[in-house]
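Pasting in a structure now, in structure tokens, and then I'll have a few things to ask.
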Amino acid sequence: MPLMRRLLLMLMGLLLAGSIGWSSVHRPEQVTILMPAPFVDATADQVKRFNAENNGRIALNVIRGPRDTESISDLAISSLLLGTPPFDALLVDVTWLPKYVAADWLQPLDPWFDSDDIESLVAGAQLGNSVDGALYRWPFGADVGLLYWRKDLMPEPPQTAEELIQIAQNLRAEGRVKEGFVWQGRQYEGLSCNFVEFLSAFGGTWLDPETGQPTFDSEAARLTAHWMQQLITQGTSPLAVSNYSEPETLQAFKSGDAALMRNWPYAWAELQSESSAVKGRVGVSTMVAQPGASPAATLGSWGFSLLRGSPHQQATAEAIRALTSPDAQRDRFLRQGYTPTHAALFHDPELLEASPVLPQLEEALSIAEPRPITPLYAQMSDLLQRQLSGLLTEKRDPDQAMDQLQGATLTLLRSAGGVS
Amino acid sequence: MNGLLALPALLLMALVFGWPMLRYSWLSMHASSVLTGLEPVSNQGANWIRLLEDARFWQDAVQTLRFAALSVGLEIVLALAMALLLDQRWRGRGVVRALSLLPWALPTTMMALGWRWIFNTPYGPLEQMAQSAGLSPLNLLSNPDWTWLATVMADVWKTTPFITLLLLAGLQTIPDDLYSAFRLEGGKTRQALTAITLPLLTPYILIGILFRTAQAAGVFDLIQVLTGGGPAGSTESIAQYAYLNAMRFLDFGYSATVMLAGFVLLSLVIFTAAVLLQISGLLRPLKS
Amino acid sequence: MNRSRPLWIALLLIWSLLPMLWQLITSLTSSDALVNADIPFQQRWTLAHYRELLSGDPPFWRYLFNSSLVGGLSTLLTLLLAVPAAYGIARMAPASRRTIRTVVGAAALFPYVLLFLALLELAREFQMGNNLLAIALPYAGLALPLALLLLISAFEGLPNELDDAARLEGLGVVDRLRWVLMPLIAPATASTGILVFLFAWNEYPIALTWLSRDDLLTLPVAMARIAGSSIYAVPYGAYAAATVLGSLPLLVLVLLCQRQIVAGLTNGAVKG
């Protein structure tokens, strides 16, 4: 009897060990990604497909974050500061990346995305993903600022700053359009995006690429500030522009009241909808630039970043790859209008048919300009927005404003421990 | 022995109230941001230079002070009315008093959401009423000039019951004979308010003002959820700016500076108010 | 004044209760009806918002539980510290008593939101974040001033002879407190306890920075989070349902204990 009992016990033990081992092998690896609410809906199908394809091996779960851009970051940071993030990856806006990297919260993606992968991306999408040579973010979409122009009012879009003013003023004088050029002049992040493009038109950059110091005391910055103020004082742009964000700008252009508009790619679909007064009469180009200066399109985009403490790095990388695959990109472009990141897709017949401005988008992406890549970007942008808003609404002296801005930015750098 | 009994409590209080102030004083003299890995590195007072030139801080300071001033002012007036009503004896007073206490008992963030809906354009009840009255949209939460008034209203609603109770306590210390004597001497009931009630109630009113001003200066929960500091930063408070600097900008050194500065400003305001009250003689009843 | 009193009472009630009643109505109104005033009366009502809330992840009752846990612990800890302390302070010489009272009074005035950064640093340093037990510590610290003020007055109101008599009978401090003095100040203790509980339940900035895990959030933080998380601009039906559910425990508490609350607040104010 003892032998039988012993054998039975051994059998039970083996079965137990086996089942534990079995379940640990067969329990799917949980991957959790935090995304803003709109993107959760946009990727729902792709998530389902991924889980089906990896059934039992990887279970991808998406956390629906707040709708508001900054709130997503606040949510992530509150977890990261306490040291216990409940997710493996999150969608990161291009301007936060330096901050997250500097805080040492992100894991480089180089082991999973090599240079071939990077080469397959369209030019603009390759920017804003690396800090100090390491890849920290894999792009989800590719957004750049565009200049929309009315094909029925002008033969060609303006190429220089003077041309823009001239064309707009002429059209207004002739009474063919109510407003000339509409753009985002409200005191918010959009204003900084517009500024980057205008500054590039005059040959300037926000931070000196070599020293990393602000350059608001440069000739380019002064010219830009003067030009922006003139747009309003000379009537090229309505005073209301100083309170416009994207929706208001789009509304003005869509109703046929404006000849030129600066906005993001999403506006195109709106302008071709039935309710648009300018359907079929809109062209897309890049922002103007002075002779000798190159035009720029501000880069705005979301991308996936992997968190350093994640215990499921391989699986998460796979999930990221799946969510940003060419098929997923195609899907999202055709259904929700999200700009693709794969270079090949820009020559895809199906996509070209759906959106004839894809070539212009690609061109704009090739001159994409990221906003300053610094962990202090948010504070810098805040300082810029305030000064510019004062320029536009209270008619402050542009030279003074730029000097003040220079001083304030330097003080910021000094107080936060940056070199000065 | 008595000291020993009190020690744990006093130690915890010292830790929770005293340590932060010391820490902020030290931290504000250092750069402690994401650039320094959140490790403090001395920056020779650069934070304070930055604060003095920081338009956003001063704007927030003004906004916080005006919020506190209007809020506390309205609350005192409203609470006085409510206290006078509840001081009289009538049936069901206890129930009404309990019900009027409810706004104060609910978490601020919770009712802030409620207010967001009430003020909502275009679907909230206020907007609907304005519409049917033929007025143009009120846009109560998206007007940089007037939205702060909406925050004041929500704050007054929530905190008035507290002051009401305070004033009630004060009213109940006024002996009835004073009123009878006053009336015997030919005084009208309405005059009793200014002749007897208000002077004797002054200490309580002052305590109420003091307490509420300090609380209102630190307004955070309400603004965070009701407006998020907007529109265009017109409702942002000092506490919020400090919070943003720490939790969004990851600049602990500057956040500490903002909070310390806020504390200093608050102390200045209270000190000035105390001095003014002293001079104007309003503190006299306290002495008698 | 007497004739118009009912009017004033009505106004007072409307002012105090209307916003909450509006939340109740909103919580029962269907999402469509919220944005469309033309939907007829009979078709406007639904329990969908409540269902959504209770079947959410984590379910809404979890936040109520977290808040109750934290509230209860904080109250316990505060009373544990405050009662002996108040006893000791009440028996001190008048001069030191006054000093301590002033300091404690000043602390009671302090806008505690300004303390969040240093407390956050402590949470990071000592791994106290995302821990419902640990958060009771700062809460107790923040509630102590009020608790001390109330309890010191309560102890001062007791005649010394009682304590002396008990001491002569050989009872130690703990026993004296437990069997003789605490029963006598029970009303004050109750008031203090309820006020501390209310404070802990409603506290926001510390909870916001110390708690980040979804399933550990206290009610105020959870409500603020619910506020931002929808893709649409008008999930107000869900908010309203959350407000109603979240308020219920407090409403019950306040209505049942309003006497203690009132007594506590007025005493604290008068003596403090």
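As written, the chains take the letters A, B and C, and residue 1 is the first residue of each chain.
Simple rule for what comes next: contacts are C-beta pairs under 8 Å (C-beta built on N, C-alpha and C of every residue); 3 or more make two chains touch, one makes a residue touch a chain.
Predicted model only: the values in this text are computed from it and were never measured.
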Pair of chains whose C-beta contact count is the highest in the structure: B-C
Chain located farthest away, centre of subunit A as origin (C-alpha): C
Mean-CA-position distance for subunit C and subunit B (Å): 17
Centroid distance [mean C-alpha coordinates] between subunit C and subunit A, Å: 42
Centroid distance [mean C-alpha coordinates] between subunit B and subunit A, Å: 39
Per-residue overlap in subunit A, given as positions that touch at least 2 other chains: 68, 78, 81
Multi-partner residues of subunit B (at least 2 other chains): 247
Interface hub residues of subunit C, defined as touching at least two other chains: 120, 209
Interface residues, subunit A side, partner subunit C - complex: 37-38, 40-41, 64-68, 71, 75, 78-79, 81-84, 86
Complex contact set, residues of subunit A against subunit B: 68, 70, 73-74, 77-78, 81, 99, 102-104, 186-188, 375-376, 378-379, 382, 386, 407-408, 411-412, 414-418
Residue numbers on subunit B that touch subunit A, as the complex places them: 31-38, 41, 43, 46-47, 49-50, 53, 55-56, 228, 232-233, 247-251, 253-254
Of all residues in subunit C, those that touch subunit A in their complex: 120, 123-124, 127, 129-130, 208-210, 212-214, 225, 228-231, 233
Touching residues (chain side subunit C, partner subunit B) in the complex: 1, 5, 8-9, 12-13, 15-17, 19-20, 22-23, 26, 34-35, 37, 81-82, 84-89, 91-92, 100, 104, 107-121, 137-138, 140-142, 144-145, 148, 173, 198, 201-202, 204-205, 209, 219-221, 223-224, 226-227, 234, 236, 239-240, 242-243, 246-247, 250-251, 253-255, 258-259, 261-262, 265-267, 269-270
